[in-house]
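Structures given as structure tokens follow.
Shared chain: chain A. Partners: chain B in the first complex, chain C in the second.
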Partner chain A sequence: MKKAYLGIDIGSISTKGVIIDEEHNILASVYLWTEGNPLGASKKVIQELASQIDLDEWTVVAAGTTGSARKLVGAMCNASIVKNEITAHAVGTTTLHPDVRTILEIGGQDSKIICVEDGVAVDYAMNTLCAAGTGSFLTSQARRLGVDVEEFGKIALGSKNPTPIAARCTVFAESDLVHKIQMGHKKEDIIAGLCNAVANNYLNNIGKGKKILPPIVFQGGVSKNEGVVRAFADSLGEEIIVDENGHLMGCYGAAILAHGSGIEKPFSFDVADMEFVTREVICENCPNHCEIICVYRDGELIDSWGNRCERGVIRS
Partner chain B sequence: MKIGIPRALLYYRYGIFWETFFQKLGHETVLSPRTNKDILTKGEQLSIDENCLSTKLFFGHVAALEGKCDYCFVPRIANLGDAGRFCSRFEALPDMCSNMFRDTGLKILRANIDPEQNIPAKRAYLKLAMQLGASREQAQAAYEAGMAAQMEDFRKKIKLNRALLKKEGIKVLVVSHPYNLYDEYIGAPIIKSIRNLDAVPICSDGVDPREARSKSTEIARYVPWVVSRELLGAIQMYRNQIDGIVLITAFPCGPDSMVNEMIIRRISHVPILNLLLDSQDGNAGIDTRLESFIDIIRFRKEVEQ
Partner chain C sequence: MSAKPYNLTYPQLGNYDIPIGFLVRKGLGLAYTSPPPMTKQTIELGAKHSPDYVCAPFKCMMGCYIEAMEKGANVIIQTGGTCRLGYYGELHEQILKDLGYDFKIMNLTLAQYGGIMGILGGIKKYAPKRKWSQIAKVIPTVAKMIKSIDKVEDYMRKNMGFEDIPGSFEKIYKHFLSKLRQAETTKDVEELYHLTMRSFSRLPVHKPDDPVRVGIIGEYFTIMDPFSNHEIEKKIAMMGAEVHRWMDLSHSVLSCPDDNALDMLRSYAKYDLKRFPSSIWVDSQRKKIKKYVSEDMGASSVATIAMADHYAASGFDGLVHVKSFGCTPEMDAIPVLHNISADYKIPILYLSYDTQSSDTGIETRAEAFYDMISMRKEARQS
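For the complex of A and B:
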């Protein structure tokens, strides 16, 4: 049996998973929607990953999780490592692009920038509060224009004269958009304008004060949009690298970190068939009333967190 | 008499002085409990939205003393003369409290410290003591006992930091107003997280304040606020012995919004993480940022070695 490592990245919009070998080659990969159910989505990811490899040949000796539900899913998979998404993305990306200096990422609901020197992250910024300029913003604007968001990139590339759109804030952008439509601007120009706005908004917000040096890798859902890619290339005057596996960098990084942790913990694909439930318990021991999350596997408590102090510890 | 002291804002600078001073005068002191959710909620309800989180918490702490004391001590401490000014919010505290608690029966014990207007701290405290019925000699003795206790506390904090700096591992200077650093809902969870990440948190208030203020001019010369000067000074004094700086701001803070921006621009060789806290619950975002910050420092150190 050969050793393999599993990584899962559970975001608010999508859940991604990979299995890699000891040389960090990707053996299996899955990408699907979280649909508000991180445990369910992760189980599906695990099932599909299992179906892509030969389980008589490979055995998963360590798992890593990242993304907003990393802790919950980490408890479920008995993970060797639970890592924040900045580190996971940086590790994943620098493994595939060892000379990368800047990682731009725009996802469904958040965006981040990571600056890299000699293969390690040295600076970063992230934005999780404002939806302007993220994937969900583009999706809603596409709906308003009656266009499929997947078509956005292609349409934008056809524009000769992008319409300037004020995209500092979602609310303003929407009213500006409606105004520009009524003024009679062409659809492709408006779409190209939106793509420019997303790129510029990003550079002026989280990119502010950061040295954006080449090589630049652009990832996250929005990197599939050629219009935004071109807008970044124009603004920065640099080539923008979009990796076809860009969306997997978080889980890929988590798998590599699981390998690097040196901690081997039995991982069983059976978790996909077990029942996991979470229950919220309010600690009544003091006025803080901490909300403690308890995770149960087949009715047995396996982990809990959320208590501010020892008095709120819940043990099985 | 029972004198209530809110465990917030300048308590974290002068608390030991206040407690010793009042006790020496023969009064009992009652401290509000550590910040908890009730205190936070109450403070938010009482306060206007524009107040910073630290001030909101202060009002919550005053409210927690209702019915527990004869007087609640809320001094107006405007400045320290040449050492600089305090945040202007401090000047309004006694008036705001009088107004806020007008109908509750909570009585406010005031003092006015304003060296710029020729009312140095000592004179203000002696006057207060005599108002409370002490003789001049008793007042003087209480003041001196308070000062001695305060100095002792400063020395302890400096000693602690010296010891921490000698420790192995990643050292992070946590820079914030002391009332943020030690509050259960602002700094304490951050300090705990840093420790859980196997790094050594070092608090910015463990410095000799006078030395820190004078050192601060090496980073910036025209900062009007006492505490901001001390924070800058702490950075200047420790910058070569630490691996990173975490700035904690209670939103919305006027002084920090200027000073932190300056720190980020002028301190270039140490990684800096700027954390902004408001009253919204949930530290998930903060934990992610802290963890990645420490990772960055750790990876960088590994590469250097």
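For the complex of A and C:
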């Protein structure tokens, strides 16, 4: 039996999974929607991953989780490592693109920039308190314009005269957009303007004060939008690399980190058939009212978190 | 105001309610009510009765005042400062009066009292029968308390991340705080301090020769209050880092950072309430950062830049800048921090706090920051 490593990235919008070998080659990969059910989506990912590899040949010796539901799914799959998505993305991307200097990333709810030197992240920034210019903004504007967000990029590329749209803030951008629509601007120009607004908003906020050096890799859901890719290329005057596996970088990084942790914990594909239930307990010991999450596997408490102090500890 | 005896209160800020309470009780001979430790409820209460765009410290203070008055306080203390904080006393007073609270405010700003003698007179008004000598007598104990808290916490930040027994530092620290509340004299405080430091030094730790070092810089209130900054120092320390923070009451209101005695004397002589809390350190620090700034941008901005420069020049691995959302002096400092970051090639994590209660976002960013600077250090060492 050869050793393999599993990585899962559970985001707010999509859940991604890979299995890699010891040389970090991808053996299996899955991408599907989270649909508000991180445990269910992860089970589906695990099932599909199992169907893509020969279980008599490979045995998963360590699992890693990342993304906003990393803790929950980490408890479910007995993960060796539970890592934040910034580290996981940096590790994943620098493994596939060892010479990368700048990683731009725009996801469903967040955006970040990672600066790399000699294959090691040396600086990063992530949006705080505001989700302006992320994927969910583009999705809601697509709905307003009656266009599928997947079509956005292609339509934007058809524009010769992008409409200028205020980029500072989503709320301002939206009222500016409505105004421009009513004025009679063409749809493709407005869509191209929106793509430019997303890129400019990113560069003016997350990218502020950062040296954006080539090679530049752009990833996250929004990197699938050719309009935004072109806007970045125009603004920065550099080639923008979009990897076809760009959406897998988080889970790929998590799998590499699980390998690197040196901690081997038994992982069983059977977790996909087990019942996992979460229960929220409000701690009444002080007015903080910590929300404690308890995770049960087939009725047995396996983990809990969310308490700020020891008075809220819940043990099995 | 009813004829009830005075019962003073000051908002929570780290653990400084201990020396402030001591000053009021033993020095002024008045009752003191500590606001309950801040919780989500404090912030919610404060935010509900505050203007939306005001900074988080205003909302925290508001919540503390309300909770303390519910516990029986009837005189609230406000100290002012060199940013918007300078007007907070008046605004707190107006809002709380509108809410129907019956209280007096000891608003220690120049606008109210005109000068240092006016302020002292203003304080004395609440304890008319108290002799000046009785008040002055407790000052050394209060100063000792502040210095002890700051030194104990400084030692914790630098070492707790390397403890062999989980929670060993925290246990001694909690004991220190509870005993400090019972201290009566300078000698009590001194003995407790030495006992605590001895206990700390006996704890088993495994600290590498060249540990990851992180400097914390930023806005006066948020940096000193662990509840407001979601215990950012402890979070980063416990990942395995030596955490440094210069800003505390010892450094900002008690001791001058000047190198020689003459400059120190000069700074003390110039102790300027108009520039509280920055008057004793702002000039000497500004001299050191001439290449970055020519003017003081108010509040703690000079200290933020001076300490960022100092930590960067000392080869620290990273800096964490904390501020309340919308804090103007600290926002002005950010472009300068960008320059320091580029000049010394030191990453800086910028955290902006409002009244959000979730820890997750801060944890994610802090963990990613620690991963980055520790991996970078490893790559450099190999």
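Simple rule for what comes next: the second predicted complex is superposed on the first by the 309 of 316 C-alpha atoms of A that agree within 3 Å, B and C clash if a C-alpha of one lies under 4 Å from a C-alpha of the other, contacts with A are read in each partner's own complex, and residues count from 1 in each chain.
Keep in mind that, in the parts below, a contact is a pair of C-beta atoms (placed from the backbone, for glycine too) under 8 Å apart; a residue touches a chain by one contact, two chains touch by 3 or more.
None of the values given here were measured: they were computed from a predicted structure.
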Should the superposition on chain A be reported as showing a clash between chain B and chain C, or a fit? clash
Which superposed partner A:D273 touches (first chain B, second chain C, both, neither): neither
With the two complexes superposed on chain A, say which partner A:V122 touches: chain B (first), chain C (second), both, or neither. both
Quick check on the superposed pair: does A:N288 touch chain B, chain C, both, or neither? Answer first, second, both or neither. both
Which partner does A:D99 reach: the first (chain B), the second (chain C), both, or neither? neither
Classify the contacts of A:K211 with the two partner chains as first (chain B alone), second (chain C alone), both, or neither. second
Considering only the touch criterion stated at the top, classify A:E151 as touching first (chain B), second (chain C), both, or neither. neither
Quick one: is A:E22 in contact with chain B, with chain C, with both, or with neither? Answer first, second, both or neither. neither
Which partner does A:T87 contact after superposing on A: first (chain B), second (chain C), both, neither? both
Interface residues of chain A shared by chain B and chain C, listed 68, 83-87, 118-124, 126, 128, 209, 286-289, 308
Residues of chain C touching chain A in their complex? 36-37, 39-42, 325, 334-335, 338, 341-342, 345, 347, 350-352, 354, 356, 359-361, 363-365, 367-369, 371-372, 375-376, 379
Complex contacts: residues of chain B adjacent to chain A: 36-39, 184, 189, 264, 271, 284-285, 287-289, 291-292, 295-296, 299-300, 302-303
As the complex stands, chain A meets chain B at residues 68, 83-87, 118-124, 126, 128, 209, 286-289, 308
Chain A to chain C touching residues, read off their complex: 68, 83-87, 90, 118-126, 128-129, 208-209, 211, 286-289, 308
